[in-house]
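Once you've had a glance at the structure underneath, I'll fire off some questions.
Should a chain be cited, it is by its letter among A, B, C, D and E, assigned in written order, with residues numbered from 1 in that chain.
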Amino acid sequence: KEWKHITIATEGAFPPWNATKPDGSLDGYEIDLYKDLCKRMNVECTMVTQAWDGIIPALTAGKFDAIMAGMSATAKREKIISFSESYGTTGQTFAVARGSDLEKMPHFGEVFSLETELPQAEKAIEDIKPLLKGKIIGVQTASIASVFLDKYLKGTAEIREYKSTEQHDLDLLAGRVDVIMASMGYLSTAAAKEGNSDMVVAGPRFQRGILGRGSSVGLRKEDTDLRDMFNKAIAEAKADGTIKKLSDKWFGFDVTPH
Amino acid sequence: MSHASFWELMNFGPDGWGWSMMRAAGVTVMVALAGFILGGFIGSFGAWAKIAGNRPVRIAADAYTTILRGIPDLLVIFLFYFGGSLALSAIYRAFGGEGFVDFPGFAAGAMAIGLTSGAQHTEVFRGAYYAIHDGELEAAKAAGMTRMMMLRRIIMPLLLRHALPGLGNIWQVVLKESALVSVTGLIELARQAQIGAGSTRQPFYFFMAAALLFLMITFVSNRVFRFSEAHFSRGVRGAR
Amino acid sequence: MSIRNLHKNFGDVEVLKGIDIDVAEGQVVSILGSSGSGKSTLLRCVNFLESPTMGEITIAGETVRTRPGKNGDLEAADIGQLNRLRSNVGMVFQSFNLWSHKTVLENVMEAPVYVQKRPVAECHDEACAYLEKVGIYDKRFSYPSRLSGGQQQRAAIARSLAMHPKVMLFDEPTSALDPELVGEVLRVMRALADEGRTMLVVTHEMGFAREVSNRVIFLEQGWIEEDGAPETVFGASRSARFRQFIAAQPH
Amino acid sequence: MSIRNLHKNFGDVEVLKGIDIDVAEGQVVSILGSSGSGKSTLLRCVNFLESPTMGEITIAGETVRTRPGKNGDLEAADIGQLNRLRSNVGMVFQSFNLWSHKTVLENVMEAPVYVQKRPVAECHDEACAYLEKVGIYDKRFSYPSRLSGGQQQRAAIARSLAMHPKVMLFDEPTSALDPELVGEVLRVMRALADEGRTMLVVTHEMGFAREVSNRVIFLEQGWIEEDGAPETVFGASRSARFRQFIAAQPH
Amino acid sequence: MDFPFMYEALMRLLPGIPMTLQLAFIASAFGVFFALAAALMQLSGNVVLRSIADFYVFCIRGTPLLIQIFLIYYGMGQFDFIRHSFMWPILREPYWCAIFALMFNTGAYGSQIVRGGLLSVPRGQVEAARSCGMSQVLIYRRIILPLAIRQALPAYGNEVILLLKATSLASIITLMEITGLAAKMISETYRVVEVFLVAGSLYLLINFILSRGVAVLEKRLMRHTAAERPSSRVAARGAA
């Protein structure tokens, strides 16, 4: 099959990856990126929005051809769809209320890979466990952070699942939960938001391994040719620094996966 | 609470979300209206089947209302949206086509709402029919009216009198059920509020704005229903 | 018009136990009987508002075709035929049954305009004439819920007259009326009788039975206990029960 | 019991135009009048089911305290008083108004048990006795919708008797009854009269007016046109209208 | 169809049933009182009471439950004075917030049903009670409520079913009832149709039992109507 025109879906409500402007147009890291990738692949692209809930079923049902919605490539998702190479990873970390004793969680600012540095990462987890004992942790349902919590902190703390990330922010500020866990990219921008000044990023950052390869383009399994096209384009964009440039613009730090 | 004010966010200028929210409210009304009308047709047929149908027809109608009132509406919408596309694609391929056929979100939503509200319409119409005074039907029969004529001249007006409050309730439900249609990618009011909430991280203002718009729609529709109720209740001496 | 071997059960209770009546055209039949003896049920069976358990009804020479219904009672086999016959049969209910969403005038015009499809103007004039005749012309724009009992009854009478039915069934048409109106209504009915219309009248007015009708039927516990010309019946009834019944009259 | 200067308007229409009646204890008053003359409205005003526009009602020596209501009509100022008085006033409605969710027996026992709080066993026996008296004892477990017109009327009469009211208001209590039952019910009423109970009876039965009541009132267009002992009124009425009214009787 | 998977889904969703039932039954048990109170206030002559009830019903019926739950749960958490009040230990819990929201909701919808039932009581029967000297309270207890309940029962049964389905929204405030568990499973497996079919069947089963219960009750209470007798409605069928 020859790809002349592809439709890409995004959520449109997950800044800085993707967001909607008041006039309804889209904006964000992935919006800039897909234009660049499509130019490299030499195809015409349209971007549509789709609620997160139905985004994977809609892809398999043929509503569109690709997903770029800050979606991490995880083993579970890969059972259903396939993913391109990653175009961004920020790692997962914690946020707490300003002034709480959890603010001083050890290993702040350190990044652990659950693939290559597993022993160090597990040690770090052991270090923060006593602090989290009996606390309530908020996390988005079925996000990679929730997979992490299920594996390492279940039993230590109570885990509460939210439908969307801004909801656990609210409960953190209201004092219903003590800690939240989400991606660094998300939390750093959320904490910077006016009104969220009582929220601070804390503790170590984790990535890879069960946290997946980072955000990637989701595709139907049978469209291997399309995946190859995306992989090629992403590799080019990494190589010539486009990804770094765009991530500096949107995140304020480099999210280029290595 | 956060610091950008409500009106700053919801204004109608280029940086305001006013127009987007209004447009979404329009979509909500359109989907709800299409679903409600479809449901009305299904409901009249269902009520007829339950009241006057023979045994198999009645059982079918009973099964329809039991199932559709019993399962969450979201499931129906999902089945239409995803199932509909798959089915259409399968048909399309069977005729030699290639790739996917889309089942538009609006149609899926309206049909799903129509199908679920049809079950409620059925019950409302049936209840209203039984509220009609036996004697008034007998008088019509004794005058030799045919079924159709009785339906048009006596049953319908009396039925609407009893059914209107119930229909008002269904309309309210349908209006808000349209919020579920967002899974089909349709940007109606609730989805627009979520998008806005996510994009600006100001969930409150957006949900407040959505609530206010819903209330405005309700206000207008209440007027319409009250007016029609007054019209169809002529001849009733006010109870107490 | 004729009724043959009419039976009607309500559950276990047999309310009508085999009624046979032949009514010649133009005959006015009074049906007397104590309360609960099945008079209303008999009239209601005639135009199949109540499904008879057994029996045969013939109206204007045509026998209503029936078939056994679900619960053992008969039901009309041919709805078209039934509707045609019904539109030739006027009925005044014991409980009036006016259409509550229509004004008095609309109630009276409904069947002539929509069932018989006669010109509206003609129906309107005629309806007004009938309302005038029963004395509620000034209430023609009122809804039934605003009428006194007697006014409702008169509206119901006007409604049935407006159809020019060949056969008329009256269920206690003067129960809610004062003596003056009773006289008035009975005069109207006598006029109809003179026009040759067939009538079955359930009544407690001995005066009517005696003077207007040319046949009296006395119903007792689902049987016809007495049947004959008023002079014979009132004069020298064979039935002891009937003599007791009329002897009880308070005047 | 007395009624003073009673007015009642329905919108613009003045239905009662100043009614004054004094009824001595034990008096039986027949109210005659043509259909729509305001008889039912008069009875309904007596126990404030309809709010009078103006006037004063006294029952058993106690005047109902009133105050102006929202729409200009009077309303009772003291609900407790009104309820007490009402429980001394029995009413039989023109349209019966039986409680449809209760059997006949339950209908009759309701007020004695729940309003007057008398022992249930006593109420039950008495209710059965009254039902026997009006001849529907065998229907005591039926719901009203299963009764013939006359049976419903008799149930309504039994219901009002069961309260032992001091004053009784009857709105055409025999309209749906056959002559035999009319005789029966009138006998019951005569017995009540003999017990010294005060009664206001709207009726079209001249027999009753003449023989049972000791006072006859003729209502015409919202006015009292004639008021006096039956002999006087029927014998030599001053009112031409009334003479015409009774002359119309068909027997 | 993948039956092993559906069995797995069933096993994972079953633990959600107690939560679903608790939410529905506690909320409807309290909601009845709201409904009755609001209906009586609306029918009372008092302008203040009526306006309060009207406003309550208008706001609740006019906005989606989703938005109400959201505003109650996240909205109340926004204000310091609530967070420092004695209510906070209760409002802090998503469970009670969900019950409050569902209760307000069913109270508003229920009030319309109750009101319709109250208005359907024939005027004459109330007058008969008045003329016996019954006090207003006694009239309500002995005549109006029994008749109104009979009239409103089918619609109220319907409302309980709707409420049961509405509990599915409690998942947005972290409660793991049937839908919450289903959503979790879907976002792990992305097999929407299968999981929802299982969830739907569970709701259907619960609602089926519920509606049979209501039907049995209705039959018992409706002994007094003529409709049960064979003839009249069968005859009506001929014409409807």
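Observations on the model:
The criterion applied here is as follows: contacts are C-beta pairs under 8 Å (C-beta built on N, C-alpha and C of every residue); 3 or more make two chains touch, one makes a residue touch a chain.
Note that this is a predicted model, so its numbers are computed, not measured.
Identification of common neighbours of chain B and chain D yields C, E.
Listed by label, the chains touching chain A and chain D alike are E. Each chain gets one centre point, the mean of its Cα atoms, and the points for chain A and chain C are 83 Å apart. Centroids built from CA atoms put chain E at 45 Å from chain D.
We define each chain's centre as the mean of its Cα atoms; on that basis chain A and chain E are separated by 39 Å. Spacing of chain B relative to chain E, judged by their CA centroids, is 19 angstrom.
Across the assembly, chain D contributes residues 95, 146 that each touch 2 or more other chains.
Looking at chain B, residues 1, 78, 82, 138, 140-141, 145, 147, 203, 237 sit in touch with two or more other chains. Shared contact sites, meaning residues of chain A that touch two or more other chains, fall at 53-54, 57, 167, 170. Of all the residues in chain B, the ones that touch chain C in their complex are 133, 135-136, 138-147, 149, 153-154, 157-158, 161, 232, 234-237.
Note for the complex: chain B touches chain A at residues 1-4, 14-17, 19-20, 23, 78, 81-82, 85-86, 89, 99-102, 182-185, 187, 191, 194-199, 201-203. Chain D makes touch with chain C in their complex at residues 10, 32-36, 40, 94-95, 146-151, 154, 172, 175-184, 186, 204-208, 210-211, 244-246, 248-251. Within the complex formed with chain E, the chain B residues making contact are 1, 48, 51-52, 66-67, 69-75, 78-79, 82-83, 120, 123, 127, 129-131, 134, 137-138, 140-141, 145, 147, 150-151, 155, 165-166, 169, 172-173, 176, 179, 190, 193, 203-204, 207-208, 210-211, 214-215, 217-219, 222, 237, 239-240. Residues of chain A that touch chain B in their complex: 11-15, 19-24, 48-51, 53-54, 57-58, 61-63, 164, 166-167, 169-170, 190, 193-196.
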